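In what follows, chain A forms one complex with chain B and a second complex with chain C.
Our next item is the complex of A and B:
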């Protein structure tokens, strides 16, 4: 979802980057077709002090974005199991991540930086929440998500995140969208940016590309564009 | 060989067959399919059921009909009843109850399938039943129609029962039509094979529309029951565990100063 929303923003001619802070289970690079062989440096290398943050940023601009004057960059996390284990075992200097995010914005002259986090709460998620201007919390209409979402919402309030939006994803087809929106809004006392249906087309795509580029006229693609406009408004 | 084919294609019986098939296909495309599409958009269940029966009756100029719904109690419940010549309209949006008990699909004691009643047989076999005259000897039990005739001063003659099924071929109901009438003079006639085929097509579309409606309603009911239940004490405990940590406390302070610095120097992060 982060990839799609960020791409929707980049399609409006903006310079956008995504940083994959899900160090435990990186994955967003797959959607952009960034192969492991091409990834000489990753976020982990920066955190260990081996390079500058901009050395870990890869230009992943799709043609549809560049033709609109936009540009996209991705800072991936390492896929190397040893690197992943090292971070989990030894941790890293949080200041370095904070500084890196600031430096990345400056070095690439970014209009927007999207921080993709690990599902659930960990130190990177909390850190991302504290330094962000807007937080989008994605949940499913599933009882497994309700408590965790409530904790995240409360923490976001304690961290004084300037703007918080809920995004309900994978809603069964045929469900009354407005009723779902109202229930989520009432439960979490936060605005709902979108209620997205469970989509067979997205499942069939199976993360092999960015959905809104593969199916720009699909109703779901329009919904994502609307959400993106709301997020950056 | 080619000459032989040409001779067949030029023959009157062949031309007649072609004309009939063309008429049937036009009928399906211009009448049946639009009805099916309209049914798919019906948002009121009672009106949907009524339209299904009324359109089926209209297709074959039937005087009467009954729409049964299969219940979870293994029976066929009378949902809609119509008889034009008697000005009889029960069930559905009329608000008038149908005074007949449901037809069991299996004998309540022996659990044997109830093949004696036409509608039940159609539901159990998922096949249409076409009867030319209910007063002729038959393996079916027509005491129901005959009792109706006696009570109402009516004469049931021809009968056509067609199952309604969902895409998994599970029978969800039956449409039973009574007394086909000739278009030119309303004389009672049999339900011919061609009109049976057309009504079966309609029932396919009607069954799909009904299944879709029921599925949508179930999902809507799920949303009404969609309760976002949050154990507040658990939430508070988990929040306290995190906010009470040194990490969280230091994070808050540092983030505040970093945000301030970032706003002064560069655009924001999301």
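Our next item is the complex of A and C:
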């Protein structure tokens, strides 16, 4: 979802980057076709002080974005199990992540930086929330997600995140979309940016590409573009 | 002893997270980067344990009244507290015996002498000049009385625990080293005994004094201790009362006039906040009602003060307008955490 929203913003001619802070289970690079061999340096290398943050940024601009005047960069997290294990065992200086995010925005002259986080609560998510201008909380209409989200929302409020938007994804056929929207808005007292249906087409794509680029005329793609406009407004 | 505040892990997590992302922490990192290359001075070497310190170890820590902790560099590296312990034991002595009695045993005049100055007591009264010079510190340690040496040490350790918010330990090898080479201190103690300034348990008192000086702390601990003083004696994160608030003014006024050895006058002039330095490389400063500040950096100048410590405090005093007599405002007013 982050990749799609970021792409939608980049399509409007902006310089956008995504940083995958999900160090424990990295994966967003797959959507951009960034192969492991090409990934020389990852976020992990920066966090351990081995390089500058801009050395970990890869230009992943899809042709549709560059023809619109936009540009996209990705800072991936390492796929190497040894490096993931090292982070889990040793940790890293979290203040470096904050500094890296600020430096990345400056170094690449970004209009927007999307921070993709591991679901739930962890240090990276909390820090990302603290320095963000807007927070999009993505959840499924599922009891477990509702509970987990309540925790995230409370923390986001206490961290005084300037703007918080809810995004409900993968609503199954047969579930009342408007009822879901109302339920989420009332439960968390936050605006709902979108309620997206579970899409078989998206499932079939299986994260092998960016959905809104593969199927730009699909109604879901339009919904995502609307959400993206809302997020950066 | 129960802690008066409830556990608030969520609040603590929120505070810690916000502190990490604040511009003030960036400022501390900038100070760290600016003064790390300052390689003047030398690590204390009167005992081998201190001579082993890393001259590039450098940590800065600031704690605000609401318990936010901002740190940069080696803020968690342990070192011995040395003279930074002195104002605290001074307060403990007053809690035990009252201000008048303690004043009758130790003066409050700055001597203008170096930290290891010759055996000097006031000519007429025979009192040591103030609680920050070794003679005065030994005299105040002597006033921490209890049934035996273990109980006396426990009183001191308990007090430091309240101030730091955690249990602290004594570095045994430093203690033993100090004790076996502390001839000047031993001589001062016996001279004071001769004049009736301290009681007969000289060896016990000296042991207590050496243990107090050998207590291990880090910059963050000192910043929390300073913040407790700034916060009228209440620890900013545990909420525990560490000292009777009526004696804070005694501590801070003596720190302001006598806290930085031979540089105390210039310090009061240039930095203008009550502070205390120690030859372990630690330095703490108190900005009443606002924050506690601490720096750790082992290389000392010829007066026994941390070189980088002085540099950081002088810079922060200007940038944040910390001088108690500051009347024109801070150079970087938006920065105060």
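Here, the second predicted complex is superposed on the first by the 232 of 233 C-alpha atoms of A that agree within 3 Å, B and C clash if a C-alpha of one lies under 4 Å from a C-alpha of the other, contacts with A are read in each partner's own complex, and residues count from 1 in each chain.
By definition in this document, contacts are C-beta pairs under 8 Å (C-beta built on N, C-alpha and C of every residue); 3 or more make two chains touch, one makes a residue touch a chain.
These numbers were taken from a predicted model, which means no experiment stands behind them.
**Student:** Please determine, from the superposition on chain A, whether chain B and chain C clash or fit.
**Tutor:** clash
**Student:** If we overlay the two complexes on their shared chain A, which of chain B and chain C does A:131 touch? Say first, second, both or neither.
**Tutor:** A:131: touches chain B and chain C.
**Student:** With both complexes superposed on chain A, which partner does A:158 reach: first (chain B), second (chain C), both or neither?
**Tutor:** both
**Student:** Please name the chain, chain B or chain C, that touches the greater number of residues in chain A.
**Tutor:** Answer, by number of touched residues of chain A: B.
**Student:** Could you look at A:201 and tell me whether it touches chain B, chain C, both or neither (first, second, both, neither)?
**Tutor:** Neither: A:201 stays clear of chain B and chain C.
**Student:** With both complexes superposed on chain A, which partner does A:179 reach: first (chain B), second (chain C), both or neither?
**Tutor:** In the superposed model, A:179 contacts chain B only, not chain C.
**Student:** Report for A:231: first if it touches chain B alone, second if chain C alone, otherwise both or neither.
**Tutor:** first
**Student:** After superposition on the shared chain, which partner residues are touched by A:98: those of chain B (first), chain C (second), both, or neither?
**Tutor:** Both partners.
**Student:** Overlap the chain B and chain C contact sets on chain A and report the shared residues.
**Tutor:** Shared contact residues on chain A: 94-95, 98, 123, 126-127, 130-131, 155, 158-159.
**Student:** Name, in rising order, each residue of chain A that touches chain C in their complex.
**Tutor:** 94-95, 98-99, 123, 126-127, 129-131, 155, 158-159
**Student:** In the complex of these two chains, what residues of chain B are touching chain A?
**Tutor:** So the residues of chain B touching chain A come out as 215-216, 219-220, 222-224, 226, 228-231, 234-235, 238-239, 242-243, 247-248, 251-252, 254-256, 258-259, 261-262, 265-270.
**Student:** Which residues of chain C touch chain A in their complex?
**Tutor:** Within the complex, chain C contacts chain A at residues 10-11, 13-14, 17-18, 20-21, 25-26, 29.
**Student:** Spell out the residues on chain A that touch chain B in their complex, using ranges where they run on.
**Tutor:** Where chain A meets chain B, its residues are 94-95, 98, 101-102, 105-106, 110-115, 121, 123, 126-127, 130-134, 136, 141, 143, 146-147, 150-151, 154-155, 158-160, 172-176, 179-180, 183-184, 187, 231-232.
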